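Below you'll find a set of structures to go through.
In the two assemblies presented below, subunit A is common to both, partnered first by subunit B and then by subunit C.
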Partner chain A sequence: MKDKKFKLSANLINEYRSFIFLALILIIGLFVERFYSAYNISAATGNGTLVIWLGLGFTVCMIAGHMDLTIMYMSTLGALLTLGLHAQQGLPWGVAILIATLVGVLVGLINGLLVTQLKLPAFIATLGMQFVLKGTMYIYTGGEELSIGRDYDFSDFLNSNPIPFIPFSAYFLIATVAIIIVMIIFNYTRFGRNIYMIGGNLETAWLAGIKSNFVTVMAFVISAASCALGGALNGIYSGTAGITMGEKGISPLMIAFTATIIGGTATTGGKGSVVYTWVSLIAIALLKSIFKKTEMQVLVIAAILIICIVYETLAMYNRNKTVGTRPNLHNEYLKEHGKN
Partner chain B sequence: MMKKYLAVLLSGAMLLGAVSMTGCGSSSSSGSGDAAKEETASDSGDSEEASGGGGDNLAESKDMLTSAIDSVMTTDNHKMMDAGSTFDVPEAEGTAEELDKLDDSDSAKWHFYEYLDWDEAEDAEFPASPADGQNGKHVILIVHGAHAWTTCYQEAFEQACDAVGMTVDVYDPNWDQSTQDGYVDQAINEAPDAIVVIPVSADHAAQQFKKITSAGIPAFCSNTLPEADAMNFILAYTGPNDWYQMRNLADNLGEQLGGEGGVCYITHNVGTSPYYARTFGPMSELADKYPNIKSLDYQSPGFEAAAVKQVVSDWITKYGDDLNAIVLADDSDQAIGATEACEAAGRDDIIIVAAGISKQGAELIQGGKMYGASYQSCQADAGLAVRTVSEYFNGEDIARVSYIGTDIITKDNVEDFLPCQW
Partner chain C sequence: MSEVNNKPKTNTAKVDTRKEEISKFSLIFNKLGIYVVVVLLIIIGMIVSKGSFFTASNIQSILEAVALIGMVASGLTFVTYSGNWVDMAIPLTMAAGGMLTVQTINLGFIPALLIGIATGALIGLTSGFMIGKFRANAIIWTWGFNLLLSGVIRFVWGGKQLYADQVANDSEYAQHAANTFFSISRTYIGKYISLMAIVMILMMVAAWFIHTKTKFGQELKIVGTNYEVAKYSGINCTKVMIIVYVINGITASTAGIFFSALRKTSSYENGTGYDFSCLTAVLLGGCLMDGGKGSVVGTFGGVIAYGILNNILSWIGLGTYEKYLVQGVVFLFIVWLNTYSNRKLGKA
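Now for the complex of A and B:
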């Protein structure tokens, strides 16, 4: 009985580790000067919002059992397209953002078709697509950075805190709404459950009559579109975009990956939640206000990632030991042989 | 399913807890910049009390500044905090769009790249000088990224601040734009007396300085020439006049070539301000003053000696005797690659000049492998920034744009600039 209670609390801790991580950051923040100022909360979460969009895409693909490595370049392309279409072609912000998002849909579609029709591993397909996107960006911009120029209005809105008494920027709130929408789709629609199914066991999903190719393609489309949209908004929020965005410092891809793992999404697919990833990303964004030096931020984030991966690996090893056995019989066997 | 609800409830509770602790209610709706502005205002009041409220501190500060200007020296034995120089901005010969259509060798094309030609009528409301002296003030310096030059600049900045009684915190975003954005926000949140930024990107500077100025904090830009529009939010820019020093170097090169020959250029990173200044500055200057000197080609192989050596070797093969000089954006690795290629081809007649000056560059000049380099003092760059910030705190009129001095270094005078600063 005691063992069971211990296991229950261990499982709970594991299940809610992203919340524990956030709580830890909030507690440490009590001892950091000006951590709880409205400006800091708003700016830290606002600056961390791009990675929330990337984390959203990465988590969706990982739940479907795939990895989308294009997320960073997709967001940069989204930003460059939006700024370019607005500043150079004179299109309104709404149209520019829509076009950037549609380009994201197209890229996601190609990624999905490469994986489902040509049977390329997602890792290889999206790695190749990274370079295609980078080349496209060089052709589009000639290597130059693009900016919003003097058109500050929309940028100021995204930077402002639109809801009284709530110190969160409009940009962060938009991303949060997107997270809630995806959470609802995943929890309350057949399509959402199908993504978990194909990630958990593709063959079983197929036998159950799920159109696994369609669902996989859609997972890539959601991922690329959310990154393109997030990148587009980020370009306006920060006022500029350049091809090398995110290539130096701490890679946004690494942060998205870390947050997805901390959030409990299984690297093998079939398990995870965009909400947990969102919570982890807020914690990482706030963590940057505590550890102000870049090198310390890298160290802490990497250490947390390693701890989570080691835990996941051990858990997977233990699970695999019991695959095909009845757990209670397996435990009895272990007891008999003095291994437990 | 219950777990999901519990999770959402937990996250909501945590964030609400955070919100309640911020105590931000009244100011949050008016935008984050304004919220910081109010906090900054109360902080600067504290700082005023700490520094004795003007009078005595101002006189003491002025003495400290005068003494520092006279006594703080660079490692190559020049005054670190010398006064900057200003330039009159000539009239542009058209709009930016019209000028963009001109030939690369036409100096008129680069007007808006070369000069901070901003519309002063659009200037933001800058915080007034407290006029109570720089002594006891706290400054945050946000550099662009880790490099030997940056280390030299940072140390000189700290040394100059120490000499005038200011304290400084330095943030290094390691060349990452979003990290620098984060540091700008952190700096605003810490409400220092002034923020000095070396922007990672010239195009991105406007938004960063707009945030700082909106928060009521004096914003200074150092070293990297920002886009002209950013000047509406910058109290003062200090740094090298890259265009002027490269034009100066080109004049010298033109004389050495006797007004005839072919020149090739190795550029800085594409799109950066030195890319334009160090390529099209000398190119347009030579075209203006020496019409018989032809610009043959320009390439951007980066900063690896091997890559530059390959490009220069190809030029020697392609242009043969028509290639008489090479202009480099960097006098360290680029210069090593270029001189090695010329040596390997037995072309010691090719005149090599570069933007400088580093230890490698000085050694190449001393060894006769490179003809000359421009002198851009890293430590004077930091010194001028600190001097300008100090003068602002002392209530003096400061130039919105001021440049550090420059010179041409050749074998004849290289000893005057040793030991090199970085």
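Now for the complex of A and C:
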């Protein structure tokens, strides 16, 4: 009985802590003026949607056991491409978004090939790719900000609340649908299980007959494509796109990283879910409407991130203490010395 | 019989030579290849700049641009060497060093300097303790710690910039300290060699001494090569890791102080981008990312090569932003060469 209780609470902290975080934010929200108004919730989640796309990409890569740092500049590049193609070449929105997404697929392919074929560590490879993308963007725009011009129809649709009585913008709902699709792929298809396997142990997965290189590349492609798509929609949603889109205040990359850690995705890979990341991202978006000052937001988010990292580290440290010993003897020793 | 006796000897000799043949390129690249690159870059620079590469002002600008990166890289070498890739908290360590020095400038110049350096040491101590004692994932911890430091500094100073002459009170002592603080990045010894470059070279020499001549350096060699082996052969790995990160913190905060003196302001975004450029320099110098390989001499070459490369890009006429593209491609190429040559050596 005691064991069962312990397991429940451990699961609560390990897996469902994003829900605890969200509940905490909602409770604090009770004491904040106009927090529960439809406008506030719609605007807060809408402004936080870009990071949902980034978090989706980051979590997918982290489950596969890698880190993808290009996501932020990938989304900015997607936004710039979409607005630029629409304004300068006169392409309709659908084609422009499609081209931006295809560029995302290309970048993801390059990332994946760098990691699988040239055997670079993903963190280092994407750190370099970040600067390649940044340079490309400056060459494309010349450092200027792009805007959507006079074509407001699609932008208005993304900003509106399509389902009556539910205060979520269309942009947020599209991101949610994407999260659900990825969740279904990850939980119910062979490809999804393969990603979990290569994240857990790459060699074992390879020996078991999984095409590990293909699956790794696909993880990077999903990540980059979703970021490009999200960035493209974000450019239309907010009406403008600049190269420094993400660099004001707290960097979206850091928020995606924080949400992935809070969501309980293992930093070594093989464990986690995009849904938990989604929940913690909503919580962070709402948190931003509680604390209006940027400095306070950064401090609170950083404190939560550090608490999660320290907790995970200490848990791993305690678990590694018993590795190689016989668990029953270890327990006996603990009982004798009354440390249970 | 004589044939049978002779065979094993020739065999062993053959195996040895073949090993050397395979790894000749990798060995040369790993040892001193970077200085070949430096010479090549100097030749390219002379061609591109049409002869004005060796003018005093150009060398001065290269040395100034390189000085800050060199300071940070001398400490970062230890982190990379210990097998922890990179310290992502470098930008905010630099910023924190600069902020605290400016804030305490009223105590006088030397005490403020020491407080700034002590801040860096404290940050390094925290990182080293978490990574050495509790075996935290180095990248994740330092990245998160960077965000926390950013949050604390932004919260305490309200996201503002600090100016040393405004912080200093009216007393002559404090004003003198503020002026000294501004002047450290603009002092020239002789005619063209700046104080920053000399400090950078002194720090490199100190790092070289610690790395090769002390007991700690020898222990670090084993820890970097194989952590488990080091642990079971009785080395205090926690202590080694803590010293590694303290050294890194001290060098980063020193560079941060010089940087804020150079910019005349001190803010939370002072060190942005230095983690990337310093890692490029360290990897250019032939440090192996998995640890246990590399030298401070190589890092010095890497820093010089990075500076000359940037200088050449300016001579060609690329702006700051086009440089990003080239830097990224160069970085990826260097990392690939690094992992490739070490795989051929059979070490990774």
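Criterion: the second predicted complex is superposed on the first by the 317 of 340 C-alpha atoms of A that agree within 3 Å, B and C clash if a C-alpha of one lies under 4 Å from a C-alpha of the other, contacts with A are read in each partner's own complex, and residues count from 1 in each chain.
We adopt the following convention: a contact is a pair of C-beta atoms (placed from the backbone, for glycine too) under 8 Å apart; a residue touches a chain by one contact, two chains touch by 3 or more.
Just so it is clear, the model here is predicted, and its values are computed rather than measured.
With subunit A as the common reference, subunit B sits beside subunit C without any clash. When the shared chain is aligned, no partner comes close enough to touch A:N331: not subunit B, not subunit C. Contacts of A:R34 after superposition: subunit B is touched, whereas subunit C is not reached. Look at A:T294: by the touch rule set out above, it reaches both subunit B and subunit C.
In the superposition on chain A, A:N213 makes contact with neither subunit B nor subunit C. Legend: residue contacts after superposition of the two complexes on their common chain; A:N201 is shown touching neither subunit B nor subunit C. Touch criterion met: A:F19 reaches subunit B, while subunit C stays clear of it.
Contacts of A:S273 after superposition on the shared chain: subunit B is touched, whereas subunit C is not. With both complexes superposed, B is the one of subunit B and subunit C in contact with more subunit A residues. Closest approach of subunit B to subunit C, taken over C-alpha atoms in the A-based superposition, is 6 Å. Comparing the two interfaces of subunit A, the one with subunit B and the one with subunit C have residues 143, 250, 294 in common. Remark: subunit C residues 85, 130, 134-137, 139-141, 143-145, 147-148, 150-152, 154-155, 158-159, 276, 279, 289, 319, 321-329, 331-332, 335-336, 339-340, 343 touch subunit A in the complex. Those residues of subunit B whose C-beta lies close enough to touch subunit A in the complex are 1, 3-4, 7-8, 10-11, 14-15, 17-19, 21-25, 27-33, 35-36, 39, 122, 145, 171-179, 181-183, 185-186, 188-191, 201, 203-204, 206-207, 210-211, 215, 227, 229, 270-271.
Partner subunit B is touched in their complex by these residues of subunit A: 15-16, 19, 22-23, 26, 29, 33-34, 36-44, 46-47, 50, 142-150, 152, 155-156, 159-167, 169, 183, 187, 238-240, 242, 245-250, 252, 273, 275-276, 278-279, 282, 288-289, 292-294. For subunit A in complex with subunit C, the residues that touch the partner chain are 67, 114, 118-121, 123-125, 127-136, 138-139, 143, 250, 254, 257-258, 261, 267-268, 294-296, 298-303, 305-306, 309-310, 313-314, 316-317, 320.
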